[in-house]
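Take a look at this one; I'll ask things after.
When the chains are written out, they are named A, B and C in that same order, and each has its own residue count from 1.
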Amino acid sequence: MNKTIALITISTLGMVWSGSLLAAKPYILLASTTSTENTGLFGAIIPAFSDATGIDVRVVAVGTGQAFEIARRGDADSLLVHDLAGEKQFIANGYATERLEVMYNDFVIVGPSDDPAGISNSEAVTDAMQRIAESASPFASRGDDSGTHRAELRLWQEAGISPQGAWYRELGNGMGPTLNTAASMNAYAFTDRATWLAFQNPQDLVLLFEGDDALFNQYASLLLSVQQYPHVKHDLAAQWHQWLVSEQGQQAIEDFKVDGQQVFFPNAD
Amino acid sequence: MLTSDNAFSTALALILSMDSALISIVMLSLQVSLIAVFIASLIALPVGAALALWRFPGRNVVIVALNALMGLPPVVAGLCVYLLLSRAGPLGEWGLLFTPTAMVIAQVILVLPIIAALTRQQIEALHGEYAEQLTSLGLSRRRMMPTLLWDARFALLTVILAGFGRASAEVGAVMIVGGNIDGVTRVMTTSIVLETSKGNLPVALGLGIILLVLVTMINAIAHMISETAKRRLG
Amino acid sequence: MNAYQTPPVATLELDRVGFSRRGQTLLKPTSLCMTGCQRTLIMGPNGAGKSLLMRLAHGLLTPTSGSVRWQGEPPAQAMVFQRPVLLRRSALDNLTYVLAIHNTPRQNRKSQAIRALEKFGLAHLAKRAARVLSGGEQQRLALARAWLLNPKVLFLDEPTSALDPAAIKAVEDAVLEFHHSGTRIVMTTHDLHQARRLADDVVFMHNGELLEHTPAHRFFTAPTSSEAGAFIRGELVW
């Protein structure tokens, strides 16, 4: 009995430890946003980078606000986000030294197919948002201080509306869960196009408004400060930073498709 | 549309595909939770037994604290470990954040109070039954401890399984300290969260079914071992 | 081995030993002296304080007043309980366990344990789990375990009250075996026949009070207290 138990324990632990001894490849830790991870972009472009450099990229995909926080605490080697104002502030605070624009996609507004607020023929995004507010149609906001949430709040402000009331639901959640919730309560939602295209559970939601220049969504890579974060793998991170804007990196982004559609558009200088 | 029907068929398809990514996720889940439960048991079994055997000032405070910590929200445990292991935190130099080791640490914190508190109850009950006989045989409390732990082994197996259940089911802690990094710290529960957020509900539920089946299998094996032994040993 | 070849057993002296719990007196101050290699039977109805007195004498409980003293070194002691507490392992392992506790060299444990099993007619059950043995077998195993401790004093608390007649006989034989090897016997019972068979002297208790301590032949023929008389006539309910 004793021996059996000892044997089981030892063999289980042996099996269990063996896994952790593997993996010694150099890597960087990239703090980025859920929109890039959920669409599968990283799964498509990181292997190309790894093949070229031998460096692995480990992605922690969180909201932009949390991504900034992870990097600010020195827990990431690199940062890829989409919030121009936040990025500028981050550099101004001395946490990062260089910002390179990598690619863009755009935001869209999705909502119930019968479009109760009638936004589909709006002139501008501010117009569409005014119609939603005036008709008090349910609107699901992420409310999580992410890049998308920050963009949404900026547009409400430009539309001259401070959204509040029973129709405006702040969920405090990621893009995917917000779309799930919007689908189940038939609400409008503000989302990036990539996440929307990759989203599998739209139910009655359809894309209702797109194409305004104000919906432009720029992604940028930030190089962290060597002085602030001496322990960070700056050499490896710099290779990733440069690769993203290189011809090869830009091509990899361009080649990435969701259901045959390109969702990120490389636009490095 | 999501029906439970296609969740089951998705789960089945996932299993049958023997997808290497899925296997590594399953293995990592088991690895993290089993190591966490093992380490937590090494600490919590003697601590629980000691709490049962000795009276000392502050003992009741410790017992109440352990009982309360059994309900510690995983996210809070995760956050504490995150702040500890973050570069800006006291243990930042270890560079453990966003690694499986960090996940193990967080789960040890979650599981330890459960195992310690339930062990104390089991050992206290058994001590009530054994104390006179063992004292008569000339055992000190210190020497009673291993005897009681060993004689309570079947009950303690259930206690350890309760700890394993909590470890393998929680997502809040491993999500924060692991970061759900593909191929590195992605486990069953964080995959479920990720698939849900992609709106991929059949896959999410399919993964949930696989997790449930695994946990059920481990419990069934433990139950069988314990029942057979109990019948044999009384 | 017999009583005359072994050194005498140290005298145990209970000096005005009292015991109370939560303000309730369970044992009134009691003085008692146990000496030589006697078989002392503690008798009395339920709740008289028999088990309590025995636990105080064995040292399992500390008196709240008075003192329990051994003249000289306290001798090796063992106790057999009404319901034996056996460990969740085989009969043999239950015995090697106490040998390990008492620092018997590892290589000697098994042979000693097997000899003890044989002595108490349990050799064929060596590999069986202790806790699935019958009541009588369990009690004999508890006696075998006590045997391995080489006790100079053996306490037994109602060791046969849950057993059938054949098993009672086996336990009584075992008790005599201990006695022949020079062990003092202190045993509680409320079985008068058993007391007549085994007792050299009798301690009679009632309501937490020691009423008399007399040689057995006098106790059964001419008890001094009226309660003891009533007890012997079967008029005191237990």
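Note that a residue touches a chain if its C-beta (ideal position, glycine included) is under 8 Å from a C-beta of that chain, and two chains touch if they have at least 3 such contacts.
Computed from a predicted structure; not experimentally measured.
Annotation: A-B is the more contact-rich of the chain pairs A-B and B-C, by number of C-beta pairs in contact. The greatest centre-to-centre distance from subunit A, using averaged C-alpha positions, is reached by C. Think of the whole protein's Cα atoms as having one middle point; the chain whose own Cα middle lies nearest to it is B. As a whole-number value, the distance joining the C-alpha centres of subunit A and subunit C reads 78 Å. Remark: subunit A and subunit B have CA centroids separated by 32 Å (rounded to whole angstrom).
Averaged C-alpha coordinates give centres for subunit B and subunit C that are 46 Å from one another. For subunit A, the set of residues that touch two or more other chains is empty. By the touch criterion given at the top, residues 55, 58, 60, 77-79, 81, 84-85, 87-89, 97-98, 101-102, 129-132, 145, 149 of subunit C touch subunit B in their complex.
Against subunit B, the residues of subunit A that register as touching in their complex are 1, 12-13, 16-17, 19-20, 23, 29, 34, 38, 42-43, 58-62, 73-75, 174-177, 179-180, 183, 198-203, 229, 231. For subunit B in complex with subunit A, the residues that touch the partner chain are 1-2, 27-28, 30-31, 34-35, 38, 86-89, 92-93, 95, 97-98, 100-101, 179-182, 184, 194, 196-201, 229.
Within the complex formed with subunit C, the residues of subunit B that make contact are 129-130, 132-139, 143, 147, 150-151, 153-154, 232-234.
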